[in-house]
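Multiple structures follow.
In the two assemblies presented below, subunit A is common to both, partnered first by subunit B and then by subunit C.
Moving on, here comes the complex of A and B:
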C-alpha cells in the first residue's frame, strides 16, 4: 500500500458585524455587514470562492476525470452551505458535481461548526442530525463518517459519535497522544466497540498546508514528484497517508503564484506511479483497514495551533465568559419558540467567534492580526457580548409575551 | 483683553475634559468681549511648522496649530510608540522623546507670541507651561498657569513622572497667577508644589446651559436599571472601583446593567476584569463616544457614577445632571464643591458606593427628586461665571503682580 486519504475542511462562519450598545434592542441583523471590512460575509465569500473554491474544485474535477482511482473527502459546514446558497450558488453546484462523480465523500459535522461537543451534548446531537439531514437534501448522500469542529476530539466525544451510529471519526495525529505510534493506521477509540479513528499525518499534511511556500524551509520548493516519494516511503511502514487540511490551503493560504495548483494537478499521477499506492475516501479507509490497536485520548485535542488542544478557543477570561453566556441562553432560546432567535443563537455557536477572542499571541503590531477581522480580541469580545445582550432581550420579551 | 492661550487639545480633537474646558472657557470669554488666540499641538502630515485651524462657531477666536505629535494625556512610552509609527521623513521633524518634544514645541509655540498682539498669556496644564513661560520671556506679558489636573491626580498618587512634575512646578512658579479648577486642586497645588495659597485662584469649571434633546430610551431600559461610568478608562478615574461596586450590587440585584463608556490605557484590563469576575453579561462597553452619543448614554442611565480616585473637577457629573440623570461622585473630587446635592462617597468605600447605587435604583422617586435638586444647582455653575472670574483676574490681579 499505502492508501492516500485526502480530507478537506470547507468552512466559513457568519462573522458578527460592528455592533454597539446603540444597536442593542434595535438591530437583529447581526451578521449583515455591508462595508469594506473583513466582517462583510458576502465580500469574503466572493473572494474565497474566486481564489479557492471555484478554481480548486475545477482542478479536482479534472483530476477525477483523468484518474479513476482518485478519491476525495470533504466536510462542508452548514454555515458555509448557507453562504453558498445565499451568495455564490455556483460553488454549491460545483460541489454537487464533485459528489456526483461517486468518488467524493462528505462527512458529517455540527451544522454550525460549533464547540457544542464540549458544552452541550444535547445541542451537539441536534446540530449533527440537522446537518446530516441537510446533506441528504442537498447532495442525496448519507454520511457515515464524522469529524468534529477543528478536529476537536477525546474519548468522550468518540463515545457520543459512536452512539449516533457513525462508523468513523477523524482526529489530529498529535505526538502527545500517539507517542511512538504512527498515524498510518486506523485505531479503535478506548472503550469503543465499532467506531474507527483516522488520524491526520500532520507532518505530510502541514508540508502542503503551511510550509509549501516557505522559502526558508529546507525542502522548498515542494514538487509533486518529491511529495510522491515521501508518500512512497510510508510503504511497508503503514497503511494510510492521511492528508487532512483546510481547503483554503489552495488559493487562499497558499496563493496561486506559489504554484500550489500545479502541485495539486500533478500530485495524483506522481502518487499513482507506484502501483501499490492508491486513494481512498474516509469510509473506504475504514472498511479496508481494521483498527490495529486501542488509542486513549483522555485530554481533548484539536488540530489548532502548536498546542493542538482547546486553547485556541478557551484560554482566556473573554472566551470563558462569552461561551458561558452563550450556553446559558440555550434553554430559554429553545423554549421561546422563536425560530429566528434560535437560528441566530446557533450562528453564534460557531467556533470562529471565540477564536477571534484569543489573546495567546496578541501584542502591539502582532502578525496574527491577519487572522482576526476585528481590531483586537477585546473588540471581538465586546461586539459578541453586545449581540448576546440583544438576543437575551429578544427572548425575554418573547417569554414575557407568552406568559402575559 | 487679548488673550494668548496655550492648550493641548480642543474639540473636536480632544480625548478628555481638558479640551472641553478650554472650549467652554474660550467661548465664554469671547461672549464677554475678549479676543483669544488659542495655540495647540497637532500632528500635521506635512513639513510645515504652523497651520491656522478654522473654528467658525466662536467669534473672536483664532486657533493656531503647531506641528507636533504632542497630544492630550501623553506619556513618554506612548510618545515613543507614536514616533515609531511615523514615516522617517515626518519623525525627523519632532523631538526624539517627550522631553525633547516639549522643549521644541515650547520654542515653536512661543514664537507665535511675537506675531500675535496680546495682553495676557494663559497656559493650560503642564504641556503648555514651557510654551507659556517662553512666550512671557519673549513678550514680557503676564502669565496665568491654569491647573486642570496635576501629575499626582493623573497617576492617582501612584508615582509621578519627574519631567512632568518639574514642568508643572516651573510653570506655577514662573506664572504671575495660578488658576485651580477647585479648592481640592488648590490644596494639592499648594501642598505638592510649594505655591503660596494667595497666588492660587479657584475658578470652578462649569457647563453651558443648553436645551438637552430627548434622544429616546433604549430597549435595555425595559429590562434593566442602568448605571453609567463615562470617562477615560485610566487609573485616575477609578474604573476598577466601579467594577468592584458593580459586583457588590449584582450580588443583591441581578437586574442592573453597568455601562462603561470611554477608552484609555486601562480599557483592556477592565474588560478582562469584568469577564474574569463573572459579570460580563451585566457590563456593556461602548468605547470612545462623542456628541449626541454621549447625551444618549447619560439619558439611558438611571444613575451616573464618578468613582474617581482623584478628580480635580469632573465636568461629566454636570453633563449627566444636565441630561436629567442623578449622580454619585467620589469625595475625592472638585465638582462636589459646587454640587453639594450630589451623593458623595469615598472612592475606596465600595460597600457604601454599592449601597447608594442600590438605594437610588430601587427608590425611583427619591432618585428623581435628587436629580431635580442637582439640576437646580446648574445655573450657578457655568462657563460664563468662570470667564467672569478670569476676566477679573486678568484685570485686577495681573497688573499688580507683573
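Moving on, here comes the complex of A and C:
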C-alpha cells in the first residue's frame, strides 16, 4: 500500500544586481536590477510565472477537482511570496485556490531560504517563526511539518525543529545515511521522541525532476503509465513514495515541449489505477505511518548535487568568506534598529547567493552553470561582498548616529 | 568460515526472511532483498557500479544489513573484507550452505522413507527393516536402554543414510501435517 507524497519546493531568491565597488555608499537598492540581465528579479519572476507557476497550478487544480484522492504539499519560501505579491499577484491567488481545496498542505521553512540552521540557531528560529506567521496571514493555515532550505538536515537540526513544536521534518533519502534502509518508511530522528522524518525517494523523484527530458536515458521517454508501474512496484515493500522536487521542474526546468504537463496531468490516474495506491500530504503521511526505526544523521545532508551535503554552498574560500562576513553582521544589524537594513541582511542570507559562488564544476558543473545568473562564481562573490561592505557602512553609520 | 558454529536455532533464524518489511535491503538499482538467498542472487547479477553504491571505502551496506537485521556478525565481518560482488556472492553462498547444515534438524523422514522402500521391496514388516536400516548389526529386539540411547555407530549410520536419501535440506515442517511422529523421529531429534 504505497501512499504517494508529492512535495514541491517553490522558491525564488532576490538576486543581487551588478554592484561594483564604486556603488558602495551610493546605492542601497541591491536587488533592484532593471536591466535585461538574468539578475532582474521582476523579469525572471514574470518568466517563471508564465512558464511554470500559473500553468502548473492550473493543472494541479484540475487534478484536485478530478481526483478527490489527490493530495499535494508545498513549501513556498518567503522570498518567493514577496515576489509573488510584488510582481505576479495572480500566482499568489492561484496558490490560495489550491490551498482552499483543503487537500493542499503548506510546510514551514525559513522565511529567507537561508542556511541559518547551520550558522545561527537564533536567526533560524526567528525566520521560521516569521514564515509561519506569514503563512497564517496569507493562507489562513498553520504548518505542522517543517522542511529546511534545500532539505538541509542533521540530528541537531531535527532537535531544533522538534523543540519548535513541529511533528515532522523532510530530508533527502541519501544513500550514505540510508545504507540498506528504504526511503519508503517514516523514521524517527535519533534521540527524538515526537518528530517523524520523511525521506525523499531520490531515484523516482529525479526521474521526473532531472531525467524526464534526457534522451540518453535508457527509460526515455518517461510516460505516466510507466511511472505508475514503478510506483506499483513499491507495493508490499514500503508505505511511502516520497516524490520531493522543485516546483519549477514543471515548465521551467523541463519545458512544456518535453511533454511534462501531459505527464503530470495523467500521473494521478495512473497511480490510482492500482487499488492499493493513494496520495497523502506530508502531515497525513506522518499521522498514518509510525516511524519504524531511529535514523542517525550526524553529518549534515541536503538534496543538492551528487554529494548530498553542504558543499554546494560551502566548499571554497569565496563561500566561506562571504558566509563569515554575513553572519558577523548579525548582531549589529539586529541591534541597529534599522528594519530595512535587517530585511536586506535577511535577503542576503538566502542560500542561492552562496550557490552562485560554487566552483565545484567537476561533478555538478552543468547544474550550477544552469542556475547561476552571474558570469562566474568570482563575479558572484565580488558583487556579494561589495553589498556586504555597503550594508556594514549603513549599520555603522546608524549605530554611530544612535550612539551620538 | 565462522569462528563459532551457529546453533540450529540461530542458523534457522539467519536463513529466514527479515521479520519486518522495513528491514528488507533496498538495493540502489531497485531490488528488494529479504533473506540471504535474495542477497546471493542479487550479488550474482550485480554490476560493479551497483555494488559500489553499497560497498566502497566508507561503508559496506551488505555487512551492516547482515549484522543489524540478522545479528550475523560472522558473515558481516567476512563481507567487510571483500570488495567485489563476485567474492561477496561466494561468501554469502558459503554462509547459506553452512547455515543450512547447521539448521537442519536430524530428520527421520528420509530414514522412514528408506524403511518403507525396503519393506515394500522385501515384503517384510517395516519394524524388522527399521532395525537393519538404522543399524547394520544383526537384528535383535532392542533393549530399553538401546532405544533410549542409540549407539554411536548407529547414529553415524543414520547420518550416512540420511545424507544419501536427502541431498536437499528438509525441515520438519515439510512432513505431512497430522502424521504421527515416530519413535525414531523423537529419538533422533536434537
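Keep this in mind: the second predicted complex is superposed on the first by the 397 of 404 C-alpha atoms of A that agree within 3 Å, B and C clash if a C-alpha of one lies under 4 Å from a C-alpha of the other, contacts with A are read in each partner's own complex, and residues count from 1 in each chain.
Criterion: a contact is a pair of C-beta atoms (placed from the backbone, for glycine too) under 8 Å apart; a residue touches a chain by one contact, two chains touch by 3 or more.
From a predicted model like this one, the values you see are computed outputs, not experimental measurements.
Steric overlap between subunit B and subunit C is absent once the structures are superposed on subunit A; the two fit side by side. In the superposed model, more residues of subunit A are touched by B than by the other of subunit B and subunit C. By the touch criterion defined above, A:180 lies against subunit C but remains apart from subunit B after alignment on the C-alpha atoms of chain A. Of the two partner chains, neither subunit B nor subunit C is touched by A:194.
Of the two partner chains, subunit B is the only one touched by A:24; subunit C is not. In the superposed model, A:378 lies in contact with subunit B only, and not with subunit C.
An angle of 120 degrees, to the nearest 10, separates subunit B from subunit C at the C-alpha centre of subunit A in the overlay.
By the touch criterion defined above, A:34 reaches neither subunit B nor subunit C. When the shared chain is aligned, subunit C comes close enough to touch A:203, but subunit B does not. By the touch criterion stated above, A:142 is placed in contact with neither subunit B nor subunit C. After superposing the two complexes on their shared chain, the closest approach between C-alpha atoms of subunit B and subunit C is 29 Å. In the three-chain superposition model, subunit A touches subunit B and subunit C at no common residue.
Taken in their complex, subunit A has these residues touching subunit C: 175-176, 178-185, 203, 233, 236-238, 292-293. The residues of subunit A lying in touch with subunit B in their complex are 20-22, 24-26, 316-318, 320-322, 325, 328, 364, 376, 378, 381-382, 385-386, 388-389, 392-393, 396-397. Only residues 81, 218-220, 222-223, 259, 267-268, 271-272, 274-276, 278, 280-281, 284-287, 293, 296-297 of subunit B touch subunit A when the two sit together in their complex. Those residues of subunit C lying in contact with subunit A across their complex are 20-22, 24-26, 28, 30, 32, 53-54, 58-59, 61-62, 64-65, 68-69.
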